[in-house]
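Paired with chain B in one complex and with chain C in the other, chain A is shared by the two complexes that follow.
Up next, the complex of A and B:
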């Protein structure tokens, strides 16, 4: 006689006794606990040192920056020291990152595809990687003076080699068997680039762009510190040198950090998730409920 | 007119290290395949079967000799290829994997592709990613992809060798049925004699070193099952040919008797 037994195993429900453990193991709780601990440490450090502003003092400075009209003009929600200087730095970084992608992506890809291109650019990329950003910053200010060109130039030359190295690694890792399959079916180059090369390199490209944005933002702020009369870096230096105000320096430091975090979490991570949606789809397969069909034969 | 004509094909690979001789994978392979036939190349591992398919598909070039692949009407042939592993794009759905090898990206082409997915029993799985599918289903996608280009010559490189015995057996039977429907010219490569007997109407035996050894016509009715007495009997005869080939090789080089047995 034959019987078929079907077992359905469900994820066990969390009861009240497991509540505290479940909360402690929760990912979101862990993240927020870490943030609150950092904030508390910052407050303690501010109270212990005269030269280290507390979170409250920092926020006060930012409010004051928001209330001060930009460049002695008329105040508005868009035209104040906080928003305008930040916007100028973001624009410079945006232009720099656009140029970094425009230069770094094709060079990195072609270096992975043709050894001759790799041979041509390897030394140049190594030299650019080894050159510290502050050297470029000093040279750029001497060459281009105050204005947009020096921060953008410094950001581009500092961030391009990192992106090239990432894209090169991605280009080298395009699966050989899928390339051979494309050869066998005579798939056109544009289709291969779009459906094979770019998706295959997407992890490396996104990681490279993520680092490029952070590097470019750092360079722009650095050049603005000593080679500009506007932007987040300039404003931080202004508080530090003109007013000897550590609170102002700290406040702009926090703004610089927050912008990086917003870019990274708000934009790059979302793009990463969207591009790699197929990995998530694979992970969802049969995750919550496991059905086990157990067929047994009985004499 | 022959769909495929191979003339004295030789393929040598550079030596793995400096002081070693070049490696000759194919040594004057020479045969023709006419349209609407299912031809299988059988030979021991390392005899150059896959290398030959790579040359036919254009992935490799021969060191000397020539291969011409033409459609029945003499125009350049369209090729389909089923590999040992499915070779699917993991970031594309089943239907998009098939679309990848087509230049025409219209809705009509999607309908055309759906017919081939239906043919291999994958209707309802079009929007799934390859990782959602079992190994056998992934290989079915590979088979549908190759048939969907409506090739003048379909190359199949040990397509069932990575599958478990039960799945491989089911797919062999499905392949017979698909081939009966489409009658595409197929060049199939395997080292499994039973598989060759079950599927093909001609078997080319390739010896070690990539040389022609025997050419056998098979005139058994389809469908052929592994359990058919006629299939088993022919398998035994062909294994005898392999034993004879192995004996001759050992006479030429007695050291080989130590480390290799007959098939």
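Up next, the complex of A and C:
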């Protein structure tokens, strides 16, 4: 899970009396040092390479994208190449995620509840997990052509199995004796859901949904790369193929990455913290390690 | 394939002789297998039916048998279409080689960084964003990066696979190093063990399960990325074949390569790596406990 923030939280305050070495060793300073080093490395790589752009060139082309009106229309802060293409991709991702949750959540829960359902879907989920998202993307482009259907289809097919596995694990974690007890005492379904199923599954569900959103985003951009006439992925490909402009390619790659980080750091972490307040911080490598191992990385 | 869970037996059934219990467990397992075979068959039938409905002049969704025949041609060769026998193995080997290079690079770089991160607070803070970033980059951005830095060629795929695997190795090693039993270390010191012996008998055993699990988990992803990067800018390997299938608008070829892909990943991940892991760590497995389900 993305509780990585907890690492920074207990940072001791910087005390200027500590001397320069102590200040440099401070946790927060260390993190910023690493970010600066990364930026410097990027700059050096940009200067050395023929194709690889420097940070400044990347920002420049993004500003240019922002100043170009979308599809030869009237320019406004909302109607330009940067915002419109991004918005199209985000909309597609949103629709896909809605469908993913609609399909994956019930199947995952039922698989944990009844062994027959689990046995029935096991082979399918195993095979789907091993299929690469980008082959689905190519197939979807051949089947559906340009438009909305190809990206949504690809995202659904690639993200659903991951969500199912997460929800299944959560569903298996529902304590069996509590389930048996609610059977014995005739606890109504709604109460059972509210007080038994959801609390034991919430962690797995949030982790699963986080992963499916990131996967869906990757898939949508992939499909747009291979076959679309709008969206973030299309724009990256357009710069690369029709203009041989590597700066534009890099810039859109960065935009795609930034969306993931903003979403993960800004939204999911907050939700996760709010839902699991009672659990206290699960800091350190345990949580981060799970997050990394977890990235089945579709798309 | 993942073993489906054994049906639960209710409390009253559990009473009985040992023979009964064993027999019931066996029946239950057979029932689970039957259901999962039924599941697989029903999806194949659904595929066949769907392919019957979408016949156009382009053959949009060929049936399972057609794809199987194509897979046979790729494996045993086809004179008429000039497909060499063993074509599939040749391509998979090329991609596998690049994946291995990437893995090796990630190990060489990731293990020292992981040890530093587990040992020093400063290193942990310093490398954390690198690791976080590398773990969250979408595969397409990696593919773009490989294309940007190395252009058309075979270095790009290997390089980006290394980038993808690096955070997994690093964080797992860091967690392993941090989880080393400090009391054991203190004891080894007071008994005058050399640090090399302590490393070999305390640190490495507590670290390797993490490392192994991480590597196995990232195998499928790294393999997918290698193929994707090849499709973007490779000259050999599975990804190139997939690109050709796409450019030739051949759904049959695409599905055939996809099935090969699935078979390969499942064989390596579920059979080879899982067996290996179970064998290496057999001393720490409880009876009946399995390492992985999905």
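Observations on the model:
Note that in this section the second predicted complex is superposed on the first by the 243 of 299 C-alpha atoms of A that agree within 3 Å, B and C clash if a C-alpha of one lies under 4 Å from a C-alpha of the other, contacts with A are read in each partner's own complex, and residues count from 1 in each chain.
We adopt the following convention: a residue touches a chain if its C-beta (ideal position, glycine included) is under 8 Å from a C-beta of that chain, and two chains touch if they have at least 3 such contacts.
In this text, all values refer to a predicted model and were calculated from it rather than measured experimentally.
With both structures placed on the common chain, the touch criterion links A:30 to chain C but leaves chain B unconnected.
When both complexes are overlaid on chain A, the residue A:239 reaches neither chain B nor chain C. Of the two partner chains, chain C is the only one that A:218 touches; chain B does not reach it. Once chain A of one complex is fitted onto chain A of the other, the partner contacts of A:191 are limited to chain B, with no touch recorded for chain C. Which of chain B and chain C touches more residues of chain A is settled by the count: it is C. By the document's definition of touching, of the two partners only chain B reaches A:199; chain C does not. By the touch criterion stated above, A:126 is placed in contact with chain C alone, chain B being left untouched. By the document's definition of touching, neither partner reaches A:153: not chain B, not chain C. Common to the chain B and chain C contact sets on chain A are residues 285. The part of chain A that touches chain C in the complex is made up of residues 4, 7, 25, 27-28, 30-31, 33-35, 38, 45, 49, 51-52, 115-116, 118-127, 129-135, 138-139, 141-143, 165, 168-169, 214, 217-218, 221-222, 225-226, 233, 236, 240, 246, 249-250, 253, 256-257, 260-261, 264, 284-286, 288-289, 291-293, 295-299. Chain contact summary for the complex, chain C toward chain A: residues 1-2, 4-8, 31-33, 35-40, 43, 60-61, 118, 121-122, 124-133, 135-141, 144-145, 147-149, 151, 164, 167-168, 171-172, 174-175, 178, 210, 213-214, 217-218, 220-221, 223-225, 227-228, 231, 242, 245-246, 249, 251, 254-255, 257-258, 261-262, 265-266, 269-270, 294.
Interface residues of chain A facing chain B in the complex, by the touch rule stated above, are 177-178, 180-181, 183-188, 191, 195-196, 199-200, 276, 278, 281-282, 285. Note for the complex: chain B touches chain A at residues 54, 57-59, 79-81, 83, 85, 87, 89-92, 96, 100-101, 103, 129, 131-132, 145, 149, 155.
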